[in-house]
Structure formats: structure tokens, C-alpha cells
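Letters A, B, C, D, E and F name the chains as they come in the text, with residue numbers starting at 1 for each one.
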């Protein structure tokens, strides 16, 4: 599990009290659901919390430390999709020279070693995956390993965290209330412009002025969602634009490949985004 | 099966005569169907009955005791879903160094050792799973193990218990009458406020006043079901709110993450729940 | 096959000439289709006929007796469903230390040993299962074992019997005429009240008066089918009610869990059944 | 393949020139498609032709005789369905102590040994099965065994014969023209009453008068197809009725189980058939 | 691959410049798509071209000759269907006594040995099959063998040829432009009457007069397509009719089984075809 | 991976600043999405960039050179389709004489060795494939190998490039925003006539005049898209026409097989294209 430990402090800029909320939930070992649009920072936030809570555990108890002396709280991330089976998560038998051998899956390893298990886009998961998390998220904190006929008790440090983007949710892909009501939920949105400018500047190495311009551009492009754009520009795309400019590409051309062409195939919407770019970027 | 024995008395607050009904059915070995909304306590009730009936068996007959002297009535819980196959339940052949070896599934072990077998959300099960329980639930009390060409007689202590939430039932996911008419049914609902307050207080460790407030809040939020909320707040979510408050989070903020954001993605419904929270929680 | 022999006379109360019809068909080795609602006694009837015809075979010919001197006519029951494959029925190869080994399925064993093979709810079977019975049900009386490239001639005592509930049959799940016209058909319905009272009394051990009341209740509840109840109360549910009363539960409460809550989730229909219960049960 | 040889002359009553048509097609090795309703005698006809053509081959050429001196023309019958794979027909690898071993499927054995291969209800077959017969039915007369990378030339005696019931054919289950135009087609219908009476008498052993009555009944029941009956009574059902009467069952009761209840679940149609029975059977 | 070499000159009657077009495409190694109705001679044409181009290769270069001195250009024909997997075509691992062994599929063998690979009814193929041919049909001429992580360069003689019947093509089963634009296309139709008469005479051995009559009949039956006939009579069916007449069957009866009953199940269309037969055939 | 290195400079004619855009993105290791119609040169462009960037890496750093002294930047191309599983890409266990052995898939090899991984027609990929690329395309640059429980860090040279044709995109087959916003996007179209003529001349070896005529023809045929043509003629088809002319086929006939018959099955559209051909080609 060494590979899953977050070694250095991830860059994360809190927007509200999300760090306090997650810390409180973790202290109570209450599972957490993160909701928010694409690229608003949910994944980065979980990485940050895994790093931060490992520090806190270190302070609280000297026990359970790694060879390097740190308390470990590995972060196991699984991107959910409809072809991911319960066996992929829990484990399976492999044929060996001397018969079959059991291999723990990533969920089993996370449960045993006391990791934060992060199921990204959980609404994409199959039913057998979703059901797996039920006994992990109530007072039992158990993972049934049906193929072995056994039950694993979660390590005391273990926490389950899941996420999804409520804008995609349809009747077909929805969390059932019996799953949903096992989590507290924290809602995310894009950061406010002054914070987003900070993030762009830090992540791309561009000037403060350029970062501020791109943050303003982000706000304006996101407003186009009311005109049919499926999803606004993520902070990541704004950083891409800044990095292409760093490579010497003209600012508007960089925005064209990072925002206009990237966000949609619809000619009219592309025209609208291009006009926004033309108005904001010199 | 030792791992499935309920060792200590689970906390369960009876609401009506459900303990007597289940005891009577168990004495007659009549299979039981539990109906009710998410988080109303069905799972906890079955755990409690497994513990209580084991006590009763101990009194009635000194025989069949475990090494520790108790009569064992393990509780095997299976969360049903559409990818759970009959083989997952009954057992399968595994390839070994010397050929194939048979591994009993959890249903087979429950039938052999005389457990309470609890199939949670049974309407989610596949047809081959549903059909498996037919000979277990009539005068035969048999589990056919078709892959081995054998038939297992259920231990005398064995009982089948299933549950589902009638609010989700659709034409597609329904118990066929030929399955349904093998069970007596007990209907559950959320506990009345004074009992729910007791539960919240005991499970979260909060003050009686806070527990009473949260129980009142639960009733009001559940009334929003008439305005489109898919499912009311479970007792579990109310306990989550209390536990977050114990961590020092402001009461309304705790309710926002535990109830408002958790229950729905719909902005209007969130607004309605937030107003209820604002009116009840100071 | 010893496990599938019906050892003691099953309790069965004939309603009309169904015993004579089945006996005539068996003497001619004409396959039989049983039609009727849930819980009207089809399964019990087949068990009774397997026991009775074994007696008759004993009288007709002294040969083919078991170690205990009886002529054996085992009863192999298979509940059909859409995930039951031809391999599950006919047999499959298993990997062994010395290669692959063939294991006969339950249908193959029934055909070889001369059993009554009872396919319950045959309309739920997959096409490959349905097609398997064609050569078994005409003048050929053969079971092709395609995976082995062989053909098995049915033992002279073998008979195929199938059942289904015509109330569920839809366009999607229907016996094709080419399958259907291989059987004579016997239609079943709930027994008349005086016979049903006998059955309730015998199976629950309750008083004659209580049995008579419950039989009257059964008739009245079944009349609610005209008001939307999917399927009437089976005799089994009436027996459940009697057995719960034996446990000391109040009569109306026993009827509530065994009939009202058990038969439907619909509040209005529950109300109607409860009114019928209130009118009939004191 | 000894098991598939038709040893004794099957009883078959020709209705028109179908024997000459099939003989001509066989002499030219032109594949044959048989069309007709359920139970009109297609399967029996193919058995008869396999027996008859084996006699003719014996006369034409002394070569290719079996140990018993007969020319063999085995009949391999396969009931098609949507779960029958190309591997089931052509063959598959089985794991052995020394690696994998190839097992010929029934189609491969029929092609190699020069059998009549009869695919019953061919429209139910999967696409991969249907496509297999293309190179077998043109000038190539080849069976490609793709899993082994080889091609098998059909024995000179081999002929493919397929059948289906045109009344079931829907847009979804249809022979593509590229398949269909590889066959000449012979259409079958129920035999005329005087021939059908002969068949009933011979197959049931009943009196000529009873056979004549049942043949008349068959015609009248088939006329009900215009009033919604999905498929008329097959000759087989009429023979069942005669055989039940032989067992001493009353004539009308025998017709009820063999015709009325057997043909349909529809109460009105059952009433219509019962009236026809009442008018014809005393 | 010896088994796939076309040994003797196939009988093929060119209708237009299709031989020159295919030769030109082959010389440039441009993949070829053949379009046309059922039984118009596409398969025979490819066989002929494989034979003819092998002759031409022999003249052009003395190298690459077989033991018999011929240049080999095997023809590997694969009938596409929705259950044919990429593994069936490219190859798979088989378990052996000493582990797994790789077996080349027919496509891999064709690519390696420089064959004409003919994918019949390519629109029936699955997506993974269709995609396989992309790198084979551009300047790369490569077959990626993903399961082995390798790439095979096509032999210089290799050519891909595919076919389909445009009359069946639906929105669901269509070649994507990215696949389609990798081929030049040659359209086929039924041969003109004087050529078709030649073919019928040669293939059936009937008289010139009878062949001419049947060719005229073919034209008239094909005109019925405007009246709802799904597909006209193939030349093959006309040859079948001639061969049945050779067996002594009456001409109109031969046409009935080879054309009327064979082409359709629709009573009205059968009547129309029969009338055409009656007008043309004496 | 030697087999995947682009050895000689591919012929590529830049149309705009696409080489600079890709170079800038590569220097920043920003994943690239190429959009454009069939046959407009996307695949060729990626090959060219793989060759060109390998040169640039060679200049920038002397390290990481191949035996031949070049810096290697292999190009691994995968045509996506709905039957390509995550295991096909990442790797799988194979059974060996001594148990199971892991085989890296092409994606894993590309990630390890620092290749350009090109996923062609990425919208055709299954969900489990699409999700695989998420951690590869953000700051993590990781490939999780779930079946082994490990995570692979991408080599510093690695870049992911994907493509699709926006004209096919439907609601069913669409990149989710959470996937899409991980790429900058470059839009391609057919080259302008003077460039396309250069390409045709170079690739076919025809005269400048003929190439110019064919390029003009291409423009006119593409205009027919407004009249229902699904997709315009690719440059490849124009080159095919030129090469067939080189073989001595008449110009209009070459255009008929390479453009008219190839582009569509619709008779009216074929007529329109033929008229365009007649007007442009003498």
C-alpha cells in the first residue's frame, strides 16, 4: 500500500469550510459524498484530506506508524464504470501451479490497511459494486467477501468517500436512497474568481494578470451553460490555456484549442465561446 | 459460522408487537418478509431477533450449544442485486492442484448450520436467486444444489427472512405471487418521535433536547415526500447530524450536509428542506 | 436418486378426477401439463402421484424394485428460470486431476433412472431448456446430450410433467404451440371451501371452526381479484394465519401479517382485504 | 453414429408427391426446407426419408455398407434455439490431462459420415449457426472449422434439411434471403381426414369409428384458427385423446384434457373448442 | 494453407469489365468491396479472381511458387456474423500440457501467407471485427495482434475483399464511412438473360431451350420485387429447378418447390409467382 | 516496442499551425484530442508528430537513445470499439505450465516505455476503457492496474492522444465532459485543393493535371453532403481513383468504382456524384 500514500502536501486552496466538514466526518467515521461539476477540484480535495488527516492521526496517536515514522492513511482511488465487477474490487482466485490462489482487490486492501477509499463517479458503478459498500457504511463496517465466505472488519482508520456530478444524474443512473442515506454530502462548485486565479497562476506558472484574465474568462464561459453548453470550463482547461501561452502560442489560439474546440462540437456554441474569448483575451 | 453469530445484544427499540410477530413466525418456522422505507431499522431488527431467539433456543433445549455454551443462531445477511448468481449463493467448484473442489456458498452454509438467512432488498435479486428460495420456504425446507445433483435439508433452526422497500417496487422489479405467498409480512415505518429521539440520543451521545429537536425535524422532512422528495430522512441521517454537532460544527451546517445536500440534488427541494431546518434548528 | 424418492404418503385431498386423469396419462406415458394459480396444490399433487404410481408399479410388476423392495419412481423437481441453462439440466464437464470428467445433470439422471421429472413454472425457462424436452415428449423418448454427442433413451418409467400459472402468461413468456401440443393439460383451481377447511385443519392443527372460518375468508379474499388483487390468497397463507393463531397471536393480527400485508403493497387493496378480514374473523 | 441410424421403417403416410420431391432433391443433393404447422408430420417424414433413401443407396451401390451390410444414412436432428452456439454444433476443445483435445460436434460428425442433418425450427437459430450452413449448401459443400483453421468436405451422402413453421415467422426471426435461397421448399399441412383417421387408428390402437370421429374433430378445431386460436390441434393431440379413451376415461373428458385445456388458456376459446367437442363426440 | 488454394479454374461468366476492375485494384493492392443481391455470383467471382490472379503472379515473377510450381494465392472466405469475435479471426491461446500455446486465426494466416481474404456479408460483423481491418487497408497493411502485443505486416500478395447486399442495409447494420472509404466498390446485379441461360445450362446440364425459358422466368420473378417480394430469384434457384426437372419431376412442380414455395411464405406473393410460372413454363 | 517506432519521415503536408499546436501541447505534456472527418489525415499527422518529436527529443537531451542512437518515441495506435476491454489494453494473466503469468497490454507498454498512445475513434470505446485514461491525463500521470493491485507511473515522454469524428457523435456515443475536459482539441478538415492536389500527386504518382482535377472533384463531391451524402470523399478515395487510372482504367470508370459506388448505396446520390464526375473528369 506504500504506493498509495500521499507523500507530499498536495496544493489545495479551500473555498469554504469543506476541510472542517470532512475532518468532522472523518473523526466520526461518517462516510462522505462529494458532489460537484467536472474539474472543480473534488479529486484534489480528497488527496489533500488524505495527507492532512494522516498528519492529524500522527499527532493523536503515536502508534501505527510506517517505517518512516508517519502514520499512514493511503488513498485508494477507483474510477467507477459499468464494467467494474465486484470481483475487480474485492478480489478473485487465480490459478496457480498448486491450485488456486486468492488475490485481494483494491477495496479489500483499502479496508484491511485503513485507507481512504475514494469511489469516483459512483453513479456509474454497477449494482453489485454499489451494494458492496452497504455493510461498510453502517455500524457494521464490514466487507463481505462472498467468494471466500468470509467477512472483513474495516481497520479503524478506514473511511469511504464517493463522488458524482449531479448534472449527469438521470433516472437510470442514480444512487438509490438506501445507498445515498449512508453518507453526509458536501457540495462543490467552481472556485470564486480570485481563488481560481491563484490556482491558475500556481499550476501554470503564468503571470498574475494572465491568470486573472483566464479566471474571468472561466466565469463568462460557464455562464454559457444557460445557452446549451453541457458543462462549463474546468479550472484544468484554463490552466491548459495558460501553459500553451507559456509555450509561445498566441493567447487567442491557445484559448481556441483549450476552450472553444475542447468544450463542444456544436458550431454555434463554439461561436459563442469564441466571442467571449475575443472580448476577454487581448 | 462463528463470525456470523450476534455476540452482544443489539440496541433495538420495539415500536409495536413486531418482536412477538417474528417470534411466533420463528416458532412455526414460517418465513418472514419485512417491508419498510430506507433506514427505518429493518436490518437492526433482524440482528436483534437473531440474538433474542438464540437466547430462547438456549432456554428451550440444552442441546446444540456452541463451545461457549450458547445455542447458536448465526445471522447471514446477503444484499441482493442483479449480478448475484445462484452460484454465488449456493457454491461453486474451484480448481485445485488435484482437480476441482466444491466450496459452499453463504446460503448453503446458512441452511446447513441453522442460521437466520436475511436477503436484503430481495426484489433486486435475479430470477435464479429468487427461485432458489422456493423449496426452502414450503413444507420441504430443501435447498437443491443442482451443480452437485444433491439436495440439502435445512437444519431445524434455519429461517429465511427477506426485506424490501415497497416504495421502489416497479412492474419490472416485483416479487411474483408464487414467491410472495411463501412469507408472512411485517410492515415497518419510521419510529414515532419520542422513540426516535431515544434512538438518536443513544446512538450519537447528544443531549436529550438536541435529540428531540432532530426527531421533530425528521418528521417534518418526511412530510416533504408529498412535495416530491423521493424518500424521507432515515434515522441514520439524523444521528449523523447529531454526531457532526458533537464535533463542534454549527447545528444548521451539520443539518445541511447530513440532510439538505444528502437527501436530494434538486435545488427547490433542497430549499424546502433548508427552510424546515431553519424553522426547527436554532 | 434415493434422495428423490417420496418415502411416505403425502397428504393430498383430490378435488375431482385429477388422480384418474394423471394415472391414465402415466399408463400411456403421455406428458402432463398442470395449470393453475399459485398455491393451489400442483406441487403437492405431483408428489402424491409419484408416491401412488410407485405403489401401482409395484403391483403390476415385481421387477425393478429398490433394495427395500419398493419399485422406485423418484420425483425430480426443477424450478425453471431464465438463468437455468441446458448444461445445468443435462450435465457438464468438470476439470479433474486427470483431465475432464462428465457430471450428469438432474434431467439426465431423471431420464436414466425412470423418474417423474417435474419442471415447475416452465414458461420461465430459457429456449434451450424448452427445446430439450421436445425429443423427450414424442415417440422418440430421447434426451440428446449434445456436448457428448450422444443420445439417451428414457427409462420406461420416465414421465415428464410441467406446470405454469396461466394468469402470468404474457406474449413474451409463452409456451410455443410446438412445445405445448406435446402435453395433455389438467387445470387446477383453489379447492372448494369444505375441502380447503379440511386441509387447513390438518396442516395447522387448528380447530374445525377456525379452519372453516379461514376457508370462508379465502373465498372472499379471492373475490377481490376482480378489484385489482393480482392473485388470490393461497391455501398456504390461510394455514400460516392458523398457525400464528396457534402461537397465541390475536386472530385479526395473524390475518393482517399472513394476508393483508402479505398479499399486496397497495394501501387501498390492503384496506379492502382488512375489511373482509374484519367481517369474517371475530 | 450407429445410434443415429433409423433401424426400422417408420410409419409414414404420404399425402401427395412429397416422397418423390425429396428423393429428387436428394439425388441432386439439393438442400431441402420443410414448412408447415406444428405436429403435421415433418419430423416423421424426415425419419422416413432417411430410412427409405438408405435402402435406395444400398440398391444403387454396394459400397459404403455398414458391418450389418446396410448402407448407412444416419439422421442427426438438432432442435435450433437462440442459445445454441456454433461451438455446440461444430465442436470444441476440452481440457485433458495432456492439454486440450478436440471433440467433434454433431454437425461435424454428420458432415463427415454422410448423414442427413435436420435442423428443426431453423429460424430460432442464432446468426452464427445460420451462417455455418452457407458453405455447406452451395457447390462447395464445405464445413469451415474456424477454431481449428480447417475445412471439412462433406461426405457424398450428406444432405442438409431444415424446417420451420411459417405461422410464427416474424420480422425478427426470419431466414435471410441469402440463407433461404439455398433450399428448395416443400410445404406441409395437416393430412386430409381419411388419412389422418388411418394415422390415429394405427398410432393409438383405437377403433376405426373413433379414429374417424377424432379426425373430423381435428378439422373442426382447426377451423377455429379463424376465431383466434393460435395453432390448430396437431394429429398428436388427437392420438392422445384416443389413448386416454383406451385407458377408460370418458370420451369428452379425454378431449377436454387433450384438446380444450391443452390448446389454449383463453376461456372463450376453450368454450368454443368444448362446443365443437360436444357436437362431434358423443 | 494448401486447402484454401483454388486448384481448377472456376466457371465464371463475366458480365462487364469486373475482371479488369478487380485486376487493376489488385495490382495496386487497393481493397475491394463487392455489392449486389443474393446469389448474383459475387462468391464465384472472387474464387475466379483468386485463380486468375495466381496465374498472373506466376507469369510476372517466378518466385514464391508452391511445390507444384504454381504461385499460390489462397482464398480465405469468412462469413461474417454478430457472434464472430476478433479472437476467432486473429487467434487465441489454447491451454496445453506445458502451458498456453498460441493458435493463429484464419485472418492471421491469410495476412501472413499472402491470401485473398474475403469477408462475406461484412455488415453483419461485430465492431471489433470491422475495426481489425482498418490498419490492413491503409498504407500500413498491418494486422495488430493485441493479445500478443505484436503487429504483423501483410505479405505482399495479400488483398482484402469484402461484400454485402445493399438491399438489407439498415441504419443499425451499416458500414461506417471510416470503414467504407477504405475500399473501391464494384456493383453486381443478376446477369442478363442470355448469359444467365448459359450459366443455367452449364450448371444443370439441361437443354438450351429449358435454360432459356428459366432465364426468362428469372427476369419476370425479379420484377415482382416491385410488388413486395423481398428479394428476386437467384440464379441458383433457377438451376435447382432445372436439376429437379432432370430428375423427372414435372416442370411446374419443380418450379413450385424451387421458386414459389422457396421465395416466400406470403400466400398472395406465392400466387403471383405461380402465375408467372404458369405463363412462362409449359 | 521497436516495432512501434516510426523509422522514416512520414509524408505530411501541414495545413495550418497544427504542428506548432501539437508540439506546444507535447512540451507541456497536455493530452491532445484530434477532431475531423474520415480520411482527412489525422492518423498520418500523429505518425508525423511521433517522428518529428523524437527528433526534437534527440536534440534536447542526449539520453534515452535507442541502440541506433535515436531517441525513441514509439507510436502505439489502438482503434477503439465497444468490444475492447480494459484487460485488452492493460494486460491479463495467462495460464502457464507453472501457474499464471502476467502479460502487459499495449497501453501498459506505451505508458512504461514513454510512447505516444493514440486511441483512434475514442467515442467507440467502452466505459471501462474511457475511465482508464482519467488518471493518465491529469497531474497524476498514473495507470492503475487493478487486476494486479498496482499503479504505473507514466514515463516522462509519454503522451496520450485521442481522436474522433464529430459528425458521428450521438447522445449514446459521446465523450463525457469529465473525460473531454482532460484534452486540448485540434480540429481538422479536408486540406484545401492546392494542398490536396500535391498529396494526390505524391501518393499516386499521377500527373499534376490529373491530381488537380481530382482535388477539384473532391471539393465538389463534398458539397453534396448538403444533399444527404453522409460523409464527403476522403483524400484516400481520390488517390485510389488516380491509381486505378494509372492501371489503364478509363478515368470516369475509375471514378465510378472509387467514388460513386464507394461513397453510397443510394441511387439518387450515386446519380448526383456521377454528374459531378461527368462535369469535372473528361
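Convention: a contact is a pair of C-beta atoms (placed from the backbone, for glycine too) under 8 Å apart; a residue touches a chain by one contact, two chains touch by 3 or more.
Quick caveat: nothing in here was measured; it's all calculated off a predicted structure.
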> In this assembly, which chains make contact with subunit C and also with subunit F?
Replying inline: none
> Which chain is most remote from subunit D in terms of Cα centres?
Replying inline: A
> Taking each chain's centre as the mean of its CA atoms, how far is subunit D from subunit E in angstrom?
Replying inline: 31
>> For subunit A versus subunit D, what separation do you get between their C-alpha means, in angstrom?
In response: 62
> Between subunit B and subunit F, what is the gap in Å from one C-alpha centre to the other?
Replying inline: 53
> Taking each residue of subunit B in turn, which ones touch at least two of the other chains?
Replying inline: 95, 98
> Which of the residues in subunit A end up touching subunit B in this complex?
Replying inline: 17, 20-21, 23-25, 27-28, 30, 33, 35, 85-86, 93, 95, 97-100, 126-128, 130-131, 134-135, 138, 144, 146-147, 149-151, 166, 169, 176-178, 180-187
>> Help me check something: in the complex, which residues belonging to subunit E touch subunit D?
In response: 3-4, 38-39, 43, 77-84, 88, 94-98, 103-106, 109, 120-121, 124, 165, 168, 230-231, 233-234, 236-237, 240, 243-244, 246-249, 253, 257-258, 261-263, 265
